[in-house]
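Per-chain numbering from 1; labels A, B, C and D assigned in written order.
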Amino acid sequence: MQDKLQEVVRKLLAEGAVDYFIGYCQSSQPYRAVPCFVSDESEVGKLVWGPLCGQNLSKYVLRANELDGKVGILLKGCDTRAVVELIKQHQIERDKIVAIGVPCQGQVDHRKLGKILGVSLEQVTSVQDVGDEFLVTVGEETKKVRKEEVLLDKCFRCKHPSAFGYDVTLGDVVPFTVDADAGEYAAVEELEALPIEERRAFWRKQFERCIRCNACREACYACYCKECLFERKTPRWLAAPPLLSENEMYHLIRAVHLAGRCVDCGECERVCPMNIPLGSLYRKIQKDVAELFDYEAGMEMDTVPPLVNFELDDQDPFM
Amino acid sequence: MADNIYLPSMATVKEVRPETPDTSTFVVTFDDPTLRESFTYRAGQFAEMSIFGVGECPIGIASSPTSKGFLEFCVRAVGTVTNAIHDLEVGDKVGVRGPLGNSWPIEEIEGKDLLFIGGGIGLPPLRSLIRYVLDNRDRYGAVEIVYGARSPQDLVYKDELREWDERPDVSFYVTVDVGDETWDGPVGFVPPFLKEINPSPENKVAFTCGPPIMIKLVVDALEEMGYADADIVTTLEMKMKCGVGKCGRCNIGDKYICRDGPVFSFEQLRKIPGALEV
Amino acid sequence: MDRKKISKSDLGQWLDKIAEEYELIGPTEEDEVVQFRPVRSSSELSLEYANSLVPPKSLFFPPVEGLFSFQKRGEEIRLEQIKPLEKDRVVVGIRKCDVESLLLLDKVFCEDLVDASYKERRDRTALIGLACPTPPRSTCFCTSFGIDPLSPEGSDILLTDVGKDYLVDVATKKGEELVALADDLFSKLTEKQAKELQPPPVHMPEMDLSELREKLEALWEDDYWEKLSLPCLGCGICTYVCPTCHCFDIADVGSTSDGVRYRCWDSCMYKDFALMTSGVNPRPTKRERVRNRYFHKFSTFPSRYGTGYACVGCARCLVHCPGGVEITTVLEDILAKEGGSGG
Amino acid sequence: MVSGSDSPGNGFEPKILVFACNWCSYAGADLAGVSRLQMPPNCRVIRVMCSARVRPEFVITALSKGLDGVLVLGCHPGDCHYSEGNYFTRRRGLLLRKLLEFVGIEPERFQVRWVSASEGAKFAETVEQVTEQIRALGPNRPRSEVLGTEPGDR
C-alpha cells in the first residue's frame, strides 16, 4: 500500500494537482511515524504507511486556505471524520483538498506498546502489521504482540476503518478484524459510576497536573478559532498561571466547545505530555450528545450540528 | 531575601491631565518619602506601571530627571492595563517599578545640535530628553523639534508645544495629517514635512519616536538628507513583561529591548538580525 | 574529592535521614508521568528512571510562582512578598544534562539583575546527581555538547549505579555534610577501588557542532524555517519540557482588591507571546517563532551570556513534540547546509 | 470576581450569580421586587437579552472563580422573544449540567429555570430554593484555591 501511496502522490505532484502532500514519514525514532510535507517528487520516497501512523493529520489541511493551490492529504477512516467536520463548519472548501483514503487496520498506542514490552520505546526498531498481530523488533529480538493489547483505544470503537468521501483510495475497504470487547463508552461509564466526590477528586488530580502547554488545543482539529477565547485579553477569561481552578476552567470550556464536534480522533490524549485522560472528558460530552440529541460528529455532511439545532420536545428538566 | 526585582513601589496619582481624547498624563509620586527623594533616572528610561489585579505595563517616563519629586507618564488607553490606568483618579494608588532600560545618550550628545522628530504619542519619550536638554541648555547646541499627529486634537502637550514654539532657542515645527477648523498650520505626514524643513545633518543627532511606519519613513528621509546611521537614535516599542531582561518576550537577536534598550541607534539596529523587520 | 560507596539497600535509610532535616525532592512516578516532587520518605522515589518529563528546572524556576500578594485596605494597597522556600532542600536523582541546564539558567537569573527567588532556591538546594545508565536512551545526545553524563560537576554529590552499590562522589562541602548525616552507611574507597567500580565512559552518537552557530546564523532568511514550521502545531511542549527555556509571563490572579501576582512559564511558540496591543507581532507566523527558538538556543543565548549552546541534549522536545519536529534532525539539516550560502 | 468563602458551616452564605433574560425573567424579578416579596440576598443578577446569550463559559468561569452557584433564567419554551433562543439554552443547559456533574461539581450549582414576566412569585421561590440548596452544599471552593494555594511550591 505504501508503494501505491507513493505512486499516487508522485502523480499528483507531477500533474501539479497539489502544492504539497501531507502524509507520514519515518522519524529518527523507529517506533513512530511523523507528519511529512512533500512538495517535490524527489521527497516522495520518504512517505510511509503502516501501524505507526496514528496521528490525525487533519489539522494541517487548514493551511491550504493560505495557498492558491490544493493540498493532498492521507486520511484514515477516523481522520476523515475530522475533515468532514472542517468542511461542515466552513473552515475549508472541499475542493481545496485532494483526499487519499486509506483502509486502516488499527494504529499502535506507543504508551501501551512500551508497557507491554517492558522496555523503553526508543529500543523498538520496527513494527509490522501481520493481521491480528504486530511483529515488533526490539534490538535483535522480534516479538509478537497481539493487536488488542497495543491498539489505540479509539481503534476498538472504530466505525470507519476505511476512509470515505475520498478522491483516491489506496485499497479496498477491508473489514476490521480486531474484535475486543470494549463498550463504546466504557471509560466514561466507569467514572460516571463513582460517587460525585470521587469524581471531583479524580479530575482535580488530573487538572492539577496540567502544565497548560496547550498541546491538546493545538492538536485538536476543532480548535481552529483565529483567536482562542483563552487568548482574548479584554475581557480576559483565563489567567496565565496554570492554577488548579484556571486549569479546570480551561479543560471544561474546551470540553463544551467540543460538544457535537469531537470526532474521537484521540489526538488530545496522544499529545498530552502529562497523560491526562482528556479523551474521557470529551467522550462524556459525545455520549451525552448521542443520547440526548441523537447526533454523532463527522459522519454525515448534511446533518445539523446539535447545538445549533433543537426539537420542540427536547428533554426539559428546567420547568 | 534580597530585593525582589518584580516588586513595585506604591505611588499615588497626584494629577491627571487629559492630552487627547484617548491619552492622558498621569503625575505620580512615590508614597515612601525616602524613595521620593532618592529616586533617580535618566531621560529615556521607562517604568512598569501596575494596576493590581489587572497587570503591569511598560510606560516611558515622560518627565525629565531635572524635575524632582514626581514622575509623569503619558498613557494612551489601548489595552487592558492602559485602560485601567485611565480609570485612575487623583489620590488613587498605582504601582511603579523602575527605572528600567537604558537611556538617551545624554553625555555623548553634549555640544551637538539636536533634532527631535515625534509622531503622535511618540513625543512623550522624546519630551523627557527635550526637557532635560532645555533645563541644561548651555550643554547642548541648537534644538529643532518636528512633531506631527493625526489631527489637531491628537497633539499631546499642547501647552508645552506653545512654549517651545515661543522659545527663541528652539525651532519648532508641527504638522497634522488631517486638519480641522481650529487648525491653520501645516497639514501632511511627518516624513515629507521633515524633508521640506530639510535640517542639515552637520554636527547633529536626530531622535525619533512614533508609529513604526513613521519611523521607517523618517529614517529613509534622514538618510537621504545625509544623516549617518549612528546619528539617528530611536526608542523601540516591543511587548515586554518583566522589564529586567529575563522573560524572553522582547528579544531581537541577542538583545532584550527592556534591558539593552529601548534606546538604540540605527547603526546598532542594522547589526541585529530581524531588528528592522518589525 | 572523596569517593565512597553505599549499598543500594542502605540508600533509602540515608535519604530518609536527609528528609528529616531537609525537604527531600526526587523523581516520582504517578499516572506514568515521572516528575520531581517533594517526598516524605525515600520509598516514594523511583530512581530507576530514564529522565523526568518536566525538567527539574521547575524546582528553581517553578511553572507557577507567586511573586507577591496584594490587598486593598481602605485607600492603601498592601503588598506582601511570598517566601520562596520554607526549608533547605535536597534534590536527589538529577541527571547531568539537567544540572548543566541549571548552570545556564544561573546566567539568566543570577547575573545582571538578580532574580532573588531563583537564587535563593539555588543557594538553599543541594543536588545529589545520578549518573546515567549505560547504554543511555537512544535519543540522548548530551555528549555532542561536551557534557559527560557521568561527571559530578555541578552536583554536590554524584551517585553512580554500580550493581548492588552506588559509587558516591562527594564533590562539595555541602555534599560532605549530607554524607555526614549517616556516615556509617558509607564505606570509603581507595583511589584504586573507586577506579575499578567506575563504569566506562558513555558512548552515544555524537554530532560535531563546532560549525553549527556559524551555519545557523547564515540561515536567517532561508526557506528552511518555513518548511520546518509546517509540522509544528504551535503548542508549548518543546519549551515546557526544555531544561534551558526560561521564558515567562507575569499575571495577576484575583480582583483589584485582593489577589496574587504570579510569574508562570510561557512559551515563545505561542502566537500571542510577543503580540503587542497595537496588533504588531514581531514573530507573526510559526516560521519566525520556530526560527527564534533555534536561534535563541544556538546563537543569541550563547552570544548574550558568553556560554556554549543553550541546549543540553536531553531530547525531551524530540520525544514529546506532537508534530514530530526532532531537534537532532534539525541540527543535522543545518550542519548539512553549505556554510554561508543561506539567503 | 474573586469569591469563594473560607467559612463553611453555619455562617456560610453562598454567592450566586443569576443570568436573567431581559424580556421575561428580569421582568419577573422586577415584579418580585415591586411586590415586596422576601428573598435571600445571595444573588447578583445580570440581565441578558436572551438566556441563549449565556455561553457555557460564563457558567464555568463563574464556578471556577469561586462563585457558589449559577442560575440561568429564561422565558418558558415557546415564549422566547426571539422565537427560539431558549430552545438552544435548553440543549446547552442539559449538556453542561451533565458535564459539570461528571467532573464532580454538584448539579445544584448550575440550574436553569423558566420564569415569565408575570411570575414574580416563581422568581422569588426559585431564588429561595436555589439559595437553600447551595447553602446546604457548602462552599464551592475556598478563596485560597481561586488564588492558588501554594504559590511557588509545585
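Just so it is clear, contacts are C-beta pairs under 8 Å (C-beta built on N, C-alpha and C of every residue); 3 or more make two chains touch, one makes a residue touch a chain.
As the structure is a prediction and not an experimental result, all values here were calculated from the model.
Q: For the interfaces A-B and C-D, which has the higher count of C-beta pairs in contact?
A: C-D
Q: Specify the chain most distant from chain D by Cα centroid.
A: B
Q: Centroid from C-alpha atoms only, then distance chain A to chain B, rounded to Å. What do you get?
A: 50
Q: Can you check how far apart chain B and chain D are, centre to centre, with Cα atoms defining each centre and the answer in Å?
A: 48
Q: Measuring from the mean C-alpha position of chain C to the mean C-alpha position of chain D, what distance in angstrom results?
A: Centre-to-centre distance between chain C and chain D: 45 Å.
Q: Centre to centre, by mean C-alpha position, how many angstrom separate chain A and chain D?
A: Taking the average C-alpha coordinate of chain A and of chain D, the gap between them is 35 Å.
Q: Which parts of chain C, given as residue numbers and ranges, touch two or more other chains?
A: Within chain C, residues 63-64, 83-84, 117, 249, 251-255, 258-259, 262, 266, 277 contact more than one other chain.
Q: For chain A, which residues are shared contacts with two or more other chains?
A: In chain A, 233, 241, 243, 246 touch at least two other chains.
Q: For chain B, give me the residues that contact two or more of the other chains.
A: 79
Q: What are the touching chain pairs in this one?
A: Chain-chain contacts present: A-B, A-C, A-D, B-C, C-D.
Q: Can you tell me which positions in chain A touch chain C when the two form their complex?
A: 27-29, 32-37, 55, 59-60, 63, 111, 120, 122-123, 209, 211-215, 217-219, 231, 233, 239-243, 246, 267, 270-271, 273-275
Q: What residues on chain B touch chain A, complex-wise?
A: Residues of chain B touching chain A: 79-80, 83.
Q: Which of the residues in chain D end up touching chain A in this complex?
A: 56-57, 60-61, 64-66, 77, 84, 87-88, 90-96, 98-106, 111-114, 141, 145-149
Q: Residues of chain C touching chain A in their complex?
A: 31-33, 50, 53-54, 63-64, 137-139, 227, 230-231, 233-237, 240-241, 249, 251-253, 262, 264-267, 270-272, 277, 318-320, 322-324, 326, 328-329
Q: Mind listing the chain B positions that touch chain C in their complex?
A: Against chain C, chain B makes touches at 1-8, 10, 51-56, 78-79, 82, 84, 91, 93, 95, 212, 237-239, 241-242, 244-255, 259, 273-274, 277-278.
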